[in-house]
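Both of the next two complexes hold subunit A, though its partner changes from subunit B to subunit C.
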Partner chain A sequence: MQVFLQTIVGGLNLGAVYALVALGFALVYRTMGLVNFAHADVLMIGAYIAATFTVSQHLPFAVAVLASIVITGVIGLFIERFLRPLEGRDFDLMLIGTIGFGIVLESVATLIWGATGEAVPSPVQTRPLVVFGASVPTYDLVVMGVAVVAMLALSLFLERTRRGVAMQAVAMDYDAAKAVGINVGRSNAIAFAIGAGLAALAGALVGPELYVSPTMGGSIGIDGFAAAILGGFGSIPGAVVGALAVGLLNSFSADYFQGYADLATFVLFAVIVMIKPTGLFGEKTVLRA
Partner chain B sequence: MSTAVAAPPHTRQLRVEDLSVRYGGVRAVESVSFSIAPGEALGIIGANGAGKTSTLRALMGLVPRAAGTVRYGERNLTKASAHTMVRHGIGYVPEGRHVFSGLSVEKNLLLGGYSRGWRKANQEALDGVYARFPVLAEMAGRPAGALSGGQQQMLAIGRALMPKPSLVLLDEPSMGLSPKLVEEILDILTGLRAAGLSLLLVEQNAELAFGATGRCLVMENGRVVMEGDVARLRADDRVQRSYLGL
Partner chain C sequence: MNPTLNPLLRRYRAPAGYLLLAVLAYLLPYQLGSYDMHVLDTAFVFGILAIGLGIVMGIAGQINLAQITLMGVGAYTTAVLTTQENYGFWVAAILAVLASGLVGLIIGVPALRVQSHYLGIVTLGLSLAFTDWVTTSTLAGSGSGISGIPVPPLGGIDLSDDYLYYYLELVVFVLSLAFGLFVVRTRLGRRMRAMRDDPLAAGSGGARIPVLRMTAFLLAGLYGGVAGVLYAGLIRFVAPETFSTADMFLLLAMVVIGGRQSLWGCVIGALALSVVQDELTDLSTYAQLGYGIVVVITAVVAPTGLAGLPGRIRPLIRRQREQPALAPFQPYPATAAARETATGRELLRLDAVTMRFKGLTALREVSLSVGAGEIRGIVGPNGSGKTTLFNVISGLYQASQGTVSFADRHVHNLRPYRLSDLGLSRTFQNLRLFRELTVREHVMVGLDRTRPGWAWRYAIWPVGVWRAERRLGAQADELLDRYGLAGFAKATPYALPYGIQRRVELARAMAGEPRLLLLDEPAAGLNATEKAQLVEIVRSIRDHGTTVIIIEHDMGLVMSLCGKVTVLAAGQVIAEGAPADVAANPSVIEAYLGRAAAPRQTDAAEPAPSKTKEPTV
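Then we have the complex of A and B:
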């Protein structure tokens, strides 16, 4: 029972991190119809920036996270501006462009911070809480809380605000969005900046739990991507539910299959997606890509 | 029917001169010129691929205008980009409706008024559209994609009316609709004319274009080959044979 609970706690914590990653994928997809394959590498940059500010500049963790969000947001704006000539013309090239940017970011990180990686001390030093014999690190609770707040804020933004609804309209119909007066370029720039900010938030928060390295984006990006697909790509609540599912799946398969954990997780994932290709909360709202 | 959609009668004239459209090396539209007087309804008829839709899209700025000038009232809109057209009072109903299918009917309409603000700025216009199309009020919370073809066409027209335009461009509003619904579209267009709006109607259905407008252009291979009052075109042999199926 205690082991079972501990596994759930670990799974939920992983899930919270995946949720932040998946939210960024979902937001950019819902508002641009684009899968941003540079997302995981933006996350890695965010993790490095936050780590640099806390470890060598000794800034408070919250300040470092904020700085990291702002800086990567600007990187997001830059990527969008660079890809903009392709928007509305060649969507496949735009997709490939994001892959290219991912590779560039990984190389830049290696140039700046080296290939070895860096450990970041946990910013919350209080003792773990004990719930029914399972130990819950307080920092895990912080990560989960942030993921929930980010999900609620994004949902409200997309469904209730003029800008948020307009951003969804752009992905649904590019020309019709222009005809009603939406500045599509600006809308996409905002989508990319928010997506990058979310990636940075995720990166900064996982930094203390994992090892920060130029290649960290790889595995966490795939897990986050799987979470977004499982939830129904583009759905905000779906991203969170999918992420919790992938987190728990990961956590339990690590318990039962040890070295084959990833294999078990992704076989199960593939089966679910084969049965329900639109994911758990899938809607067919975006028709391109 | 004439619930306050348009403001007091407007005085802006649309003047299009020598408009051309090229896709790569292909000339889709070759120096087309026309003007629409305030409150006038002009139709463009022609077969598939005649360049009607390209003309309209170039006018909106949705495809690059290769040559020519576009003026609306005092303003020169030759270089205006698509997303600014609505602020000059030009509404657009795209071919194939193109509603925002994943969003609710109400959000589609609010997006129509995007340039004016959001809920508060658009409430009056929203009530106006609901009064004109009661079925949209009934469906307000449904996703636009769940509506029937005719309802989606009403939504697309309602969306274009939200910012209270003085000129509405309509691209094939009859497309894919039953004859009975085409009748309804005709009633709607007649209502818009009665409210003082200028209309530019692109149609393959010449019967609808003749019913809704006073004057029409006939396009073939990217050029205007005939132009005149509806009565005169109706009597023309070639038009009867090619477009009215008589």
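Then we have the complex of A and C:
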């Protein structure tokens, strides 16, 4: 029972991080129909920036996280601006373009911070809480709390602001949105920047829990994407539910499959995509002739 | 081809080029030190792997981010079988290639359900699953790799020598490239390219999309396996790092920079980048940064890569040639089959077909009967369900209710390619041509009626494929002449004027000599002359024995062409009959112009039987 609870705590914590990653994926995918393959590398950059500011500049963790969000947001804007000529034209080329950016970001990180990676001390040093025998690190609670706040903020932005509603319109019907005078390019840019910011936030939060290295993004990225798919790319609640499911799955498969945890997760992910490509909450799209 | 070139020179240019390449490849080792030789050997392994990625991604349009994994499967299988099971190298090699082919099929399974970016991320996930397995499994050396793979024995030739190994690789490489090019340029590859450019149109033309996708992944797997075996024989050590995501992206960069849609481009990219990568081995991070930047720039600026550059530069330096004109259509000879169809037997029948999309009912209990030898018009206001009707008939949509029969056979729920086999063909409202295929290739795709089983000839009797290809080419030329398109045979369609594009689509649809042809607004965007030609062509098609159903807004054209017209409004048949009668029908006038315009008639001439329900949304 205790192990079971402990696994759940770990899963929820992972789920919170995946949720942020999934939201970034989903936001960009919905507005542009593009899976940003550089997303995981943006996350890694975010983790490095936050780590650098806290460890070597001794800034408060919150300030470091904000700085990392802003800087990666700018990187997101740059990527979007560069790939804009391809938007709505050739999705395969956009995919290749984002992979190219991913390669660039990874090598830049290696050049700046080295290939070995570094450990980041946890910014919260209080003792873990004990709930029914399971120990809950305080920092895990911080991560989950921040993730929830970020999600609420994003929902409010999408539902309540002009810009947010305009972005939803672009997601629903590109041509119609363009026809009513929405600046589609700017909308995409904002989506990309927010997506990058969310990735950075996830990276900054997960940094102290993992080891920060140029290749740390790989499996987090795919897990986050799995979460987004499971949630159906449709709604924010979908992404959250998907992320929690993937987080728990990961946590349990780490327990049961040990070294084969990734294998189990990715194969299961492929099977889920096969069975239900539109996810749990997704809209079924109709092909048009 | 440059028309001013001496014909003799033109004829021998390609063979001479190959001969020169062969001589260079033969002499190359004599110029290289032993280290460079090793680098080149490794580069050839990646060259073969890149051909596999080029076929699956560039030719068939299936994003496969697990190509490096397929090489991993080949290399690891060879390693495990030789070191732990004591198999001979070549037996292990054959099994390894088969294993890679099998894994290729497994990795390709998600492609049956998802495409593009989804497929990319799923295959990437599966490749990470493989990495996870080889780093953990004791069978695969628990992450420290497997060493001690034996030197491949080959008569008295010592293949531990990198120079001699080079010649083995060269032979395998040339065969791999030749086979790849053969596949790409004959019907299997042509169908794959058609599928890449427009799966819907390819499927409606008889291509089995799922089978083609799996075939592409199978080929990718086999190429990966061959590369893996050569890698194992060359390095004689395998470790997980060689098959990592970073290397996958390097391979992708090779293929993208070289030009993914050309196998030559893939190969050149692979050889060049492997060598550059090795030159910069001390600066590997800068090299990585460099090729990352080049990939991004290639994607944005030169999507066809290095291989596409000549095609982009040529128009800039050559004078614009006179655009040939569309030649007149040469009518089909009236055939015995045509006389038979004139009997007017029922060819297509729809019984109470309803098509719903969520809340929207696009078709409501539509019944329709079309006799052989008819030219039937389907008219109706925008959004009345005409194209949906075509999509149901041609198998793109499965009707929510009701039945469809074609040639006395229930065809409900048949896939588009099955219907195509049964003799149904169509065109599309918004032209669906294959972006990268020439006009001649469009017609050849239409002519190609082979079933998937036919593809075995590629493995066993390529000469048969070649002969069939020549016959197909001759038929295509004949058809191009008939449709007046011979002057555009080598052009890609989207560079041509709109009227010609329409003609290409029509020729493609007619290439398989269908029994029923569905034309979706074939006159849209045509000028008066072209419309007149269209009328002539459609009549000739009918006289040749093909029944035609035509959706058209141009009432003049419908009046002159169709013996019978069916009117749809809001998803229902509201009238049917001779064009003149239908045009005078009050409910038709109402549907087009609104109630006020319809003459108030209460009793006489009231309409089609099916008008019993409330109008739909």
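The working rule: the second predicted complex is superposed on the first by the 273 of 289 C-alpha atoms of A that agree within 3 Å, B and C clash if a C-alpha of one lies under 4 Å from a C-alpha of the other, contacts with A are read in each partner's own complex, and residues count from 1 in each chain.
The rule is short, and it goes like this: a contact is a pair of C-beta atoms (placed from the backbone, for glycine too) under 8 Å apart; a residue touches a chain by one contact, two chains touch by 3 or more.
Just so we're clear, the structure is a prediction, and the values are computed from it rather than from any experiment.
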Three-chain arrangement built on subunit A, subunit B and subunit C clash or fit: clash
Subunit B versus subunit C as contact partner of A:162, first or second or both or neither: first
Which superposed partner A:110 touches (first subunit B, second subunit C, both, neither): second
Partner chain in contact with A:255 - subunit B first, subunit C second, else both or neither: neither
Touched partner set for A:209, first subunit B, second subunit C, both or neither: neither
Per-residue touch tally on subunit A - higher for subunit B or for subunit C: C
First (subunit B), second (subunit C), both or neither touched by A:99: second
First, second, both or neither for A:118, with subunit B first and subunit C second: neither
Partner chain in contact with A:181 - subunit B first, subunit C second, else both or neither: first
Partner chain(s) touched by A:173 [first = subunit B, second = subunit C, both, neither]: first
Stretch of subunit C penetrating subunit B in the combined three-chain arrangement, among 524-532, 542-550, 578-586 or 596-604: 524-532
Overlapping contact positions on subunit A, where the subunit C interface meets the subunit B interface: 286
In the complex with subunit B, residue positions of subunit A that touch it: 161-162, 165-166, 168-169, 172-173, 175-184, 283-286
Parts of subunit B lying in touch with subunit A, wherever the complex brings them together: 57, 60-62, 82-87, 92, 94, 98-103, 107, 110-112, 114-115, 117-118, 145, 159-160, 162-163
Touching residues on subunit C, where the partner in the complex is subunit A: 61, 63, 109-110, 112-114, 116-118, 120-122, 124-126, 128-129, 131-133, 135-136, 200, 245-246, 249, 252-253, 256, 285-286, 288-289, 291-296, 298-300, 303, 357, 387, 390-391, 396, 428-429, 432, 520
Of all residues in subunit A, those that touch subunit C in their complex: 29, 34-35, 37, 82-83, 85-86, 90-97, 99-104, 106-108, 110-111, 115, 215, 218-219, 222, 225-226, 229, 258-263, 266-267, 269-270, 273-274, 277, 286-287, 289
